[in-house]
Amino acid sequence: MIRLDLELQLEYEILDDAGADFIFNIHAARTGQQFVRHEQLSLSQPLQPQFHTDATATRFMRVHAQPGPLTLSYAATVDIDHHRCDPASLREVPVRELPLDLMPYLYPSRYCQADRLLRLAAREFGGMPPGYSRVVAIQQWVQQRTTFASNTSTASTSALDTLLDQVGVCRDFTHLMIALCRAVNIPCRMATGTDYGADVALGPPDFHAYVEAFLGDRWYIFDASGTGIPLGFMRFGTGRDAADVAFATIFGRVNSLSPLIRVEARSGPGLELPHPVDAAISTSALHDAGVPAGGDVEAARSSAELSAEAY
Amino acid sequence: MIRLDLELQLEYEILDDAGADFIFNIHAARTGQQFVRHEQLSLSQPLQPQFHTDATATRFMRVHAQPGPLTLSYAATVDIDHHRCDPASLREVPVRELPLDLMPYLYPSRYCQADRLLRLAAREFGGMPPGYSRVVAIQQWVQQRTTFASNTSTASTSALDTLLDQVGVCRDFTHLMIALCRAVNIPCRMATGTDYGADVALGPPDFHAYVEAFLGDRWYIFDASGTGIPLGFMRFGTGRDAADVAFATIFGRVNSLSPLIRVEARSGPGLELPHPVDAAISTSALHDAGVPAGGDVEAARSSAELSAEAY
Amino acid sequence: MIRLDLELQLEYEILDDAGADFIFNIHAARTGQQFVRHEQLSLSQPLQPQFHTDATATRFMRVHAQPGPLTLSYAATVDIDHHRCDPASLREVPVRELPLDLMPYLYPSRYCQADRLLRLAAREFGGMPPGYSRVVAIQQWVQQRTTFASNTSTASTSALDTLLDQVGVCRDFTHLMIALCRAVNIPCRMATGTDYGADVALGPPDFHAYVEAFLGDRWYIFDASGTGIPLGFMRFGTGRDAADVAFATIFGRVNSLSPLIRVEARSGPGLELPHPVDAAISTSALHDAGVPAGGDVEAARSSAELSAEAY
Amino acid sequence: MIRLDLELQLEYEILDDAGADFIFNIHAARTGQQFVRHEQLSLSQPLQPQFHTDATATRFMRVHAQPGPLTLSYAATVDIDHHRCDPASLREVPVRELPLDLMPYLYPSRYCQADRLLRLAAREFGGMPPGYSRVVAIQQWVQQRTTFASNTSTASTSALDTLLDQVGVCRDFTHLMIALCRAVNIPCRMATGTDYGADVALGPPDFHAYVEAFLGDRWYIFDASGTGIPLGFMRFGTGRDAADVAFATIFGRVNSLSPLIRVEARSGPGLELPHPVDAAISTSALHDAGVPAGGDVEAARSSAELSAEAY
């Protein structure tokens, strides 16, 4: 079990007289493997946030802020009891067997244009034995060809740009790896959250974007940029790409200041600190069309979708 | 009430020894306004199709076909009792009031890169009074700048390409109009189906792609390419763009022959033939976070999502 | 006659042990209308620059610099006796009559992909009467659709990007205007140099990029970004786009510091200060396939090329 | 010595009442190594073509054709006495030593956006020993990653598209190889002409596009698509990319019919038939800043340019 304490503080200056709308994706997800023991949110303006949890357990919060400064503070203590298993036991699920609600994770999306990479991916990865090891091979391929450098990409940078320019940040590594996985029919999505435990030379804990690939019967974590410690990732949201799970989507003229992020891993009885592991790990519950696992929004929602059909 | 008889026949030649997987989106949607009185599906191979209906009432069918020829025949009789209202009564829903499950329809998607068009859309449409008339203005802007010509676009052609090249087919008009609507914060999606009633000089009824924009409390139909009769559109599916609702998504080496499509509108007591109307029309039920309308999967799913949050 | 005093100072830090190569395009061009009365170049390292003047009178200087700091100082006093004429008298030259060595200025280039804009340009400008006024209409079209903002584009931003994003700096306005002119068969090129005389609110004199369109029998100046005073432009180089006439093309790892640029217009007998004019103006000599005008490299080179053919 | 007989026939239907303008690049180049023993041109309309030979010996022909059919027939007998040398003897020329008029062949162009590929090329080829063998390595890299397939690209397909899509024709292979060479500072250009001698399974002789890289003191031939016999290439033109040396650039509405192309290699005393060779081969004369080689337009023009500077 991993226990993480998170504190984050986001500061904005709203410039429009009419105020501005924000969609935040900064709450720890509640899944069958990730438990929010405690959380606290405060806003410096007297606002009434609205919440929405989507089918993947991503919690979105909308606020309409008034002109002037806005500070959002969020603190949470989160337990993650990762599902772990032997990578060698994880098979790719053929298209014909894939739960049908997962098909969109094979399709191209705004920043992951898999349709343009079918030949390239087939040439590079088509001959490899399917399974967890093929996803790792794609991850390594991306890492070997991409330089991590801040301020080298923008909000419209896509997987194709990153493949050409060979430079980017975690968001860009993630988009490219997703596009390549989908191009060989491996369902793949973006996860967002925070990291903890990476080499301190790479800087303090920060927001992070990483990859989840569907293998066997659930989503497994991969770190496309290759510098993080996946056991230390706290998951906020998942989506087809950054269009779905930006930390903040802002409507209106707003200045954003640098966020403050603090993450600590607790030690104690039954707790371990994030460290590299060989096991495949997941913060998702079993993806099942039958009986939903208790308390996991993901599985419940999916089973509802699958049973809704009465053709 | 519109009553349409549809017959369609799709023919393929599967080339791979291992067969091929198909995801079809060719069933008439069942919504609060569109009723499938009768439908019949037959496949020339003894296959066991699997079905999935998503949150927007789109029905997907998956089959794993064996090598050799495959013919899919689908026939349906569909009643459409369009919701109609005065366009002048339809307001745009501000971001702060939009049902939260509709936010993804404001975000950029694979073929509708609204994020690149924020300035252009603000300049062209930002000063117009919001409402149905602004969506019509966007539709006309696209039509005036785009030439309809077959075989001018490919599966990877996007809204940006169409904006630059100013040529395309209904899919391309649709993508561009969607991208521009989203860029001024009007939720917008692609609908697919068949058309009926257009000028015969433009050819027989065919597959069609068109636009749905969310105004007031539901999705309204717009024909981006401007040559169809929206009352004659039978809806199959809706999605963020063509990546979500292709008529057929094929995995494997397959030759596709030209589809045969026949649509007839029935006349009789209580029936009218598709014709141009001034009214705003919709085949969707009220999108409501409260009591779901009976039998409308769309509304039911949305309300479930909104009430799932207990922050 | 305009007389301008230019001083510029460029500073670099060469990081590679092997040194770095620079191609500079920072010398005032010597044309039939622009005369370099005096110029002085100094380099802080004891280097032997090499020079090359191309067929358009652009002077390139190459140096191989050693590791460490490099300062280039250039000062010049330049007289510009603009060719001026009534815009109404300037016709577009039909393709069939265009000097054949100018054909490349109709073709697409790295940053000016006219081939993608044929329909758009025909739709917007195809119905206008040809001539100087049509080029002005293209210039205004670009200005109305593009916001001038620093740090919004990169070295790979092209005309298509600017058309979509509607934001950029003088380089981007210039590329877009060039692409649109070529798309309606008006030969067009980029000019680089310095500006003088613009509204001081827009900042001090600086490097500038602007447009030259070929009308009648020579190249005429247009300011795509619309804020400069063309009489105050000192011309360094011309080329098909920024790929040809970057102020500095650098091979090797180098830090570039902000350049210092000072331009003054002299007053005195026979001199006028840069000011807005209605006349069409040019710093190029007559482009003639016959007898070259004395002292104008451009015309001389062109005539040589045209007479070389003895088919 | 190679002796080739070429016959080609191009047929068009001019649709505009005003006629149409054509720029053809279909004449065998006359270089220090390629000699036109005999050539004959006929046009089915009574037109007066105009000719222009550029600095690289490319001959352009312009005609203004009347409405209706136009047939162009060209026949030539051409001797090619290839300059041949040991590949191991050919060095890359450092930027600091490169003849300055060749710098544009290092810069990005419309279809060869080398500026986007600097990191990729450095990673793939930066560590290889410079020389002819590195250019061969780039050629092989392109061939291994690109599938030759007709009708997979359009007039706006660029090197970046080909790198992503991994499919194309000789034009596309050529653009990608050029972009990669330039990205590691090897001057590189496109050559157009005809091929002869390839495996008959690949079809009859046809128009061809291939690569010339500047090594040592002249331009050497490489076949980017890897299926041709370079000794059998007859050179028409060279340029920075296809924007410069299209076989036909057409202004106006014109239907193009399939061209007829016949090439035969003659045998006889002193003649050899095209066959694979290990030697590096060139149809260009020495590129020299000093005394121009007799009869070679290329060298003469270059030396003029270099001596024109009197700073």
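To keep things simple, chains are lettered A, B, C and D as they appear, and every chain counts its residues starting from 1.
Following the convention adopted for this analysis, contacts are C-beta pairs under 8 Å (C-beta built on N, C-alpha and C of every residue); 3 or more make two chains touch, one makes a residue touch a chain.
Protein names from UniProt, one per chain: A, B, C, D = Transglutaminase family protein.
What you see is a predicted model, and the numbers here were worked out from it, not measured in a lab.
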item: Shared interface partners, meaning chains that touch chain A and chain B; value: none
item: Cα superposition of chain B on its sequence copy chain D - rotation in ° rounded to nearest 5; value: 180
item: Chain B-chain C separation of Cα centroids, rounded to whole Å; value: 49
item: Euclidean distance of C-alpha centroids - chain C vs chain D, Å; value: 29
item: Chain B residues counted as touching two or more neighbouring chains; value: 116
item: Graph class of chain-chain contacts, one of line, ring, star, complete, other; value: ring
item: Pairs of chains satisfying the touch condition; value: A-B, A-D, B-C, C-D
item: Residues of chain C touching chain D in the complex; value: 21, 23, 50-55, 59-60, 62, 64, 94-96, 100-101, 103-104, 107-110, 113, 115-116, 155-156, 185, 243-244, 249, 251, 297, 304-306, 308-309, 311
item: Of all residues in chain D, those that touch chain A in their complex; value: 116-117, 119-120, 123, 145, 147, 160, 163-167
